[in-house]
Amino acid sequence: MARRILVINPNSSKAVTAEIDRAMERLRGADIEIVCTQLDAGPPGIHSQRDSEMVVPLVLAEIEAREDTTDAFVIACYSDPGVFAARETTAKPVFGVAQSALAFAVTLGERVGVISLSPTAVARHMAYARALRLDGFIVADLPVGKSVAELQDEAAATEPMIAVGRELVERHGANVIVLGCAGMARYRERMEEALGCPVVDPTEAAAGFALAALRCGYRTVRR
Amino acid sequence: MARRILVINPNSSKAVTAEIDRAMERLRGADIEIVCTQLDAGPPGIHSQRDSEMVVPLVLAEIEAREDTTDAFVIACYSDPGVFAARETTAKPVFGVAQSALAFAVTLGERVGVISLSPTAVARHMAYARALRLDGFIVADLPVGKSVAELQDEAAATEPMIAVGRELVERHGANVIVLGCAGMARYRERMEEALGCPVVDPTEAAAGFALAALRCGYRTVRR
Amino acid sequence: MARRILVINPNSSKAVTAEIDRAMERLRGADIEIVCTQLDAGPPGIHSQRDSEMVVPLVLAEIEAREDTTDAFVIACYSDPGVFAARETTAKPVFGVAQSALAFAVTLGERVGVISLSPTAVARHMAYARALRLDGFIVADLPVGKSVAELQDEAAATEPMIAVGRELVERHGANVIVLGCAGMARYRERMEEALGCPVVDPTEAAAGFALAALRCGYRTVRR
Amino acid sequence: MARRILVINPNSSKAVTAEIDRAMERLRGADIEIVCTQLDAGPPGIHSQRDSEMVVPLVLAEIEAREDTTDAFVIACYSDPGVFAARETTAKPVFGVAQSALAFAVTLGERVGVISLSPTAVARHMAYARALRLDGFIVADLPVGKSVAELQDEAAATEPMIAVGRELVERHGANVIVLGCAGMARYRERMEEALGCPVVDPTEAAAGFALAALRCGYRTVRR
Amino acid sequence: MARRILVINPNSSKAVTAEIDRAMERLRGADIEIVCTQLDAGPPGIHSQRDSEMVVPLVLAEIEAREDTTDAFVIACYSDPGVFAARETTAKPVFGVAQSALAFAVTLGERVGVISLSPTAVARHMAYARALRLDGFIVADLPVGKSVAELQDEAAATEPMIAVGRELVERHGANVIVLGCAGMARYRERMEEALGCPVVDPTEAAAGFALAALRCGYRTVRR
Amino acid sequence: MARRILVINPNSSKAVTAEIDRAMERLRGADIEIVCTQLDAGPPGIHSQRDSEMVVPLVLAEIEAREDTTDAFVIACYSDPGVFAARETTAKPVFGVAQSALAFAVTLGERVGVISLSPTAVARHMAYARALRLDGFIVADLPVGKSVAELQDEAAATEPMIAVGRELVERHGANVIVLGCAGMARYRERMEEALGCPVVDPTEAAAGFALAALRCGYRTVRR
């Protein structure tokens, strides 16, 4: 019987969930089912420290509600809201997309550049990376100045995304880029072409980890 | 008219609040009123990652409810739950006791040892210290293996507290100790005598910062 | 048509290759073929700095010889011999097991302990981890004092492996263990039971990365 | 009876002492007397490594001479000349303004920018911050290119000070500024307005620490 | 009888060896003979990760062949190819020019800037410096964009070398420069004049260490 | 004409100067004269932070008095008193023995252990190493619990010195030892024999640097 990975988008946007769902297609297989959902009571996007903390009780409730029918969880927001609390809540593996993206990126290249939505997101992400001791190889984390909603408009957002990527590569020396937000996998192809280096979608990274963990029998542990 | 510092104990224990209140006596003055409260809907103690994150919405609600009558806030739990979200919630200064204690301690000595309640608290505190880049001077953070409730029994807890402090000093070379939990100021005197070095109560440190900030006109800023 | 991952064991031991091959079983699938080979001209085990450097030309030659029929390479020695030179030699993705194991481990826990064969291996591994900036979360890297050959004797080696793991967990606080040598996946189950935490086989980690990279279209880049 | 804090300006400028004295007004109270003095035999300003080291014997002599009538000392030069030697000279608490300013600033914001007088001061200050392990959160330390004397001309110096502050905020991402020299508190208000973030006067920070230490019974310790 | 230092240029360029030989003149003396050689089977220059690793077996063979007639070895390529393997191959002292240059430079100034040939050399050098924990004081490592052969054309290369040095000094604050390639000592004088700070030739540094080691009886040790 | 290196022992002990002088014998040559002197007005030994700072004006005066007849200075106390101020005082190269010893040691091995006189010396030395960013490769700095005078009694001090060295090697993994005090070169031979690894005398290291600097034309620079 197939094992099920539940990808939780902690904002309320079904469009974002649909984007994530599309990206998951490549990781699905006969033995692995990947289901994506959003938190209907969540904010439209995680844009502030407050958003990222207020959403934690909802994330934990979702995990508790779905624990019996899920084999591994992915929290699909680049602030990894509640990932360590979730590991106290369920014995099933729980992967945050930020820690997964950083860990995956550093095996592809040595100098990781991150694209975040806003300056306050940059500060939040860098503090988290330091907490995980995964900050050393981040050459820069730069804001694109867009909201989650604005990033759904691919036509308008592609150029700004590439411009920030170019600054990471040319000025800061990045040789691999991480998209610091879930639901943006569709930007990968055009950005990789323009920048000449890998562009990591964090949810793909996390689902890849979950897949390997389920197949090989790894679990995640409490802090 | 006196300015008011509100010290929020995010657990529900009135005994802990009373302890904190007693410690605040020395920092009160004609121009500074210090009021202490607990979160009645909070957990009996903050003992897990989950506790420390589930309590954040309550902390933010308390700050919103009291903002008009408060000049500076102190969040009196060594996990500093919600401190950066609080700074988005109110324009009044907000001090977390952990960051205050570490910053104060390093001006007294160079090698800071922290006493936490449990191993999971140690991991949470160290991750937070790294996020703040205040971990470099921490020589060790060791658990005493007691709950918040057990630490109210001074007769039983003093010896274990001193034993952990001694290990920090003798084995790890600490020359200043931080109590990694609010409401423990009463242990200071006996521990300082036994260990021969300063023992920082984090709530005293935070209230001291709040006092200086109010007098000199400093504010805290968003992430 | 299935994509092929070639796992190169850079020592000459067919027994080690067979062990690695067994471990790969769980990562194989309809779309991914995993082939394992050793370097017949390599040393019986990589036990010194000299071994780890002398073997690089052989690794690069093997990659060149097999490039046309391979979609991704895994270099299955915990010294990652030639991994950056290999990325100059082929445009196909190349994963080293050490960098993969460290990156995977830190998504499972926060405090990684490594078990190496000997003190000189510890020094070599730590220097490499620093070069990658993946050393911050390693709480300790301890030697078990066994050769590659001796580790094939599972009956004799299990207890020493568990003993070193226990020191990593109890004295150094590790909450996830990395096996600092290829071909040791069979130790995972008993060690996880004894230690109560995940034990990462580095070749499983690297093959997991290669699998996700092939499915999602990620490549590795030159230094 | 009031406790006395002695603030020692280690240069010979009475104008600087007067400036410091004015800033101290807000920290004085019924229980705390704050007295400011300069070293008449000191240099007109501490502008070199040599200045900062030659002045140490004078600082220690001043502390010895005033020990009986003083409850806490503040050394009001951003090189903290002699602060650790002073703690061997007297058992009374001794605070250096640089370590105090850095510790205070990091509780207000997370990214500290420092304004120093000259490039050689920058190098000296950064080496000291590293020695204290308080360098991690300093995003940059930039020189304004003025002497201590020139900074007394507020009309001429305000614009350059704001310009350097702006570079710290806009280019380096600082969200709190530290004035890397004593006697400049009067710049705070206009700079905070122009920059939109807190601007820390180091002597205010140190006197704030001394005040809290005296009230709560903390002492400083030998290296 | 004089002791002999063998300086091995691991590329095949006799012109580079001649340059190195000239620089050694100042370190020769009655008691110390310094002999320079190249690897005739080596590449024309070490320009890639692959070059730097493929050359190691040749370096080790040269050391073995010359061990009986040599008292100390210098590996004269800024990638220090095989330096740790060499220390397993011979009991005679072995110095790498990169580690020697960094160690020597930091005793001359505090902020070291490195000039490398290409961006890939920069990445390789910085990874090595991190492995040695000698990266902290490197303010930047910048590429001049020249090959080993092009650097033999002093007339054409001097200006670009000075331009990169100027960027290291003026933009990155370096107060000592390291030439990140062997055989460039002749640039020192004009660069020092133009930049106003010391410019370290790595082979001079390594031979200086070898000289002091031979006179005082120091040896180098295995990893 | 020979160039002259002046080695300044900043304490008043002629016995220590004589010891240093003996060690210098191996570095003297036809072109290099090495003269050793002590500060008659200095303390009998540098045992405290205060000692190390009070002696700076004397060191600078000695340098000024001897500048005309000296080509390079070595400050032979492991606290490097006044080394950066000295570089503002004279244009001749000035080497501190601590920075020289650390830089030299890391080219011999990778893991440096330091033996200091007392715990307060350990703290002073480590703060200085951090300031220089030469602390990363120090595995431990341990006190032997002896004064400068007591270390002149070789019969009594050898065993304790070896015992501390053994702890550095066996427990902390050091593979090169630095003697954290001047005038102890005579311990080298017996310690190297007992410990099986190089033991660096800091004055030998500094004089070695000075020798290479004079021959090759390097100078030291202001901070």
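Chains here go by letter, A, B, C, D, E and F, matching the order in which they are written, and residues are numbered from 1 within each.
Here, contacts are C-beta pairs under 8 Å (C-beta built on N, C-alpha and C of every residue); 3 or more make two chains touch, one makes a residue touch a chain.
Only a predicted model underlies this, so the values are computations on that prediction, with no experimental measurement involved.
K.L.:
Compare the contact pairs of E-F with each of A-B, B-D or D-F and report the one sharing over half of them by residue number.
P.N.:
B-D
K.L.:
Using only Cα atoms to place each chain's centre, name the chain farthest from subunit A.
P.N.:
The chain farthest from subunit A, judged by C-alpha centres, is F.
K.L.:
Looking at A-B and A-C, which one has the bigger number of contacting C-beta pairs?
P.N.:
Higher C-beta contact count between the two pairs: A-C.
K.L.:
Rounded to the nearest whole Å, what is the centre-to-centre distance of subunit A and subunit D, using the mean of the C-alpha atoms as each centre?
P.N.:
43
K.L.:
Measuring centre to centre with CA averages, how many angstrom lie between subunit C and subunit E?
P.N.:
Comparing mean C-alpha positions, subunit E is 33 Å from subunit C.
K.L.:
For subunit A and subunit C, let me know how many angstrom lie between their CA-based centres, rounded off.
P.N.:
Here subunit A and subunit C have centroids separated by 26 Å.
K.L.:
Could you pull out the residues of subunit E that touch at least 2 other chains?
P.N.:
110, 123, 127, 132-133, 222-223
K.L.:
Which part of subunit E faces subunit C closely enough to touch in the complex?
P.N.:
On the subunit E side, the touching residues are 48-50, 52-54, 56-57, 60, 82, 84-85, 87-89, 120, 123-124, 127-128, 130-133, 222-223.
K.L.:
How about subunit E: which of its residues touch subunit F in the complex?
P.N.:
Within the complex, subunit E contacts subunit F at residues 26-27, 29-31, 93, 95-96, 99-100, 103-104, 106-110, 132-134, 136-137, 175-176, 188, 197-198, 200-201, 204-205, 208-209, 211-213, 215-223.
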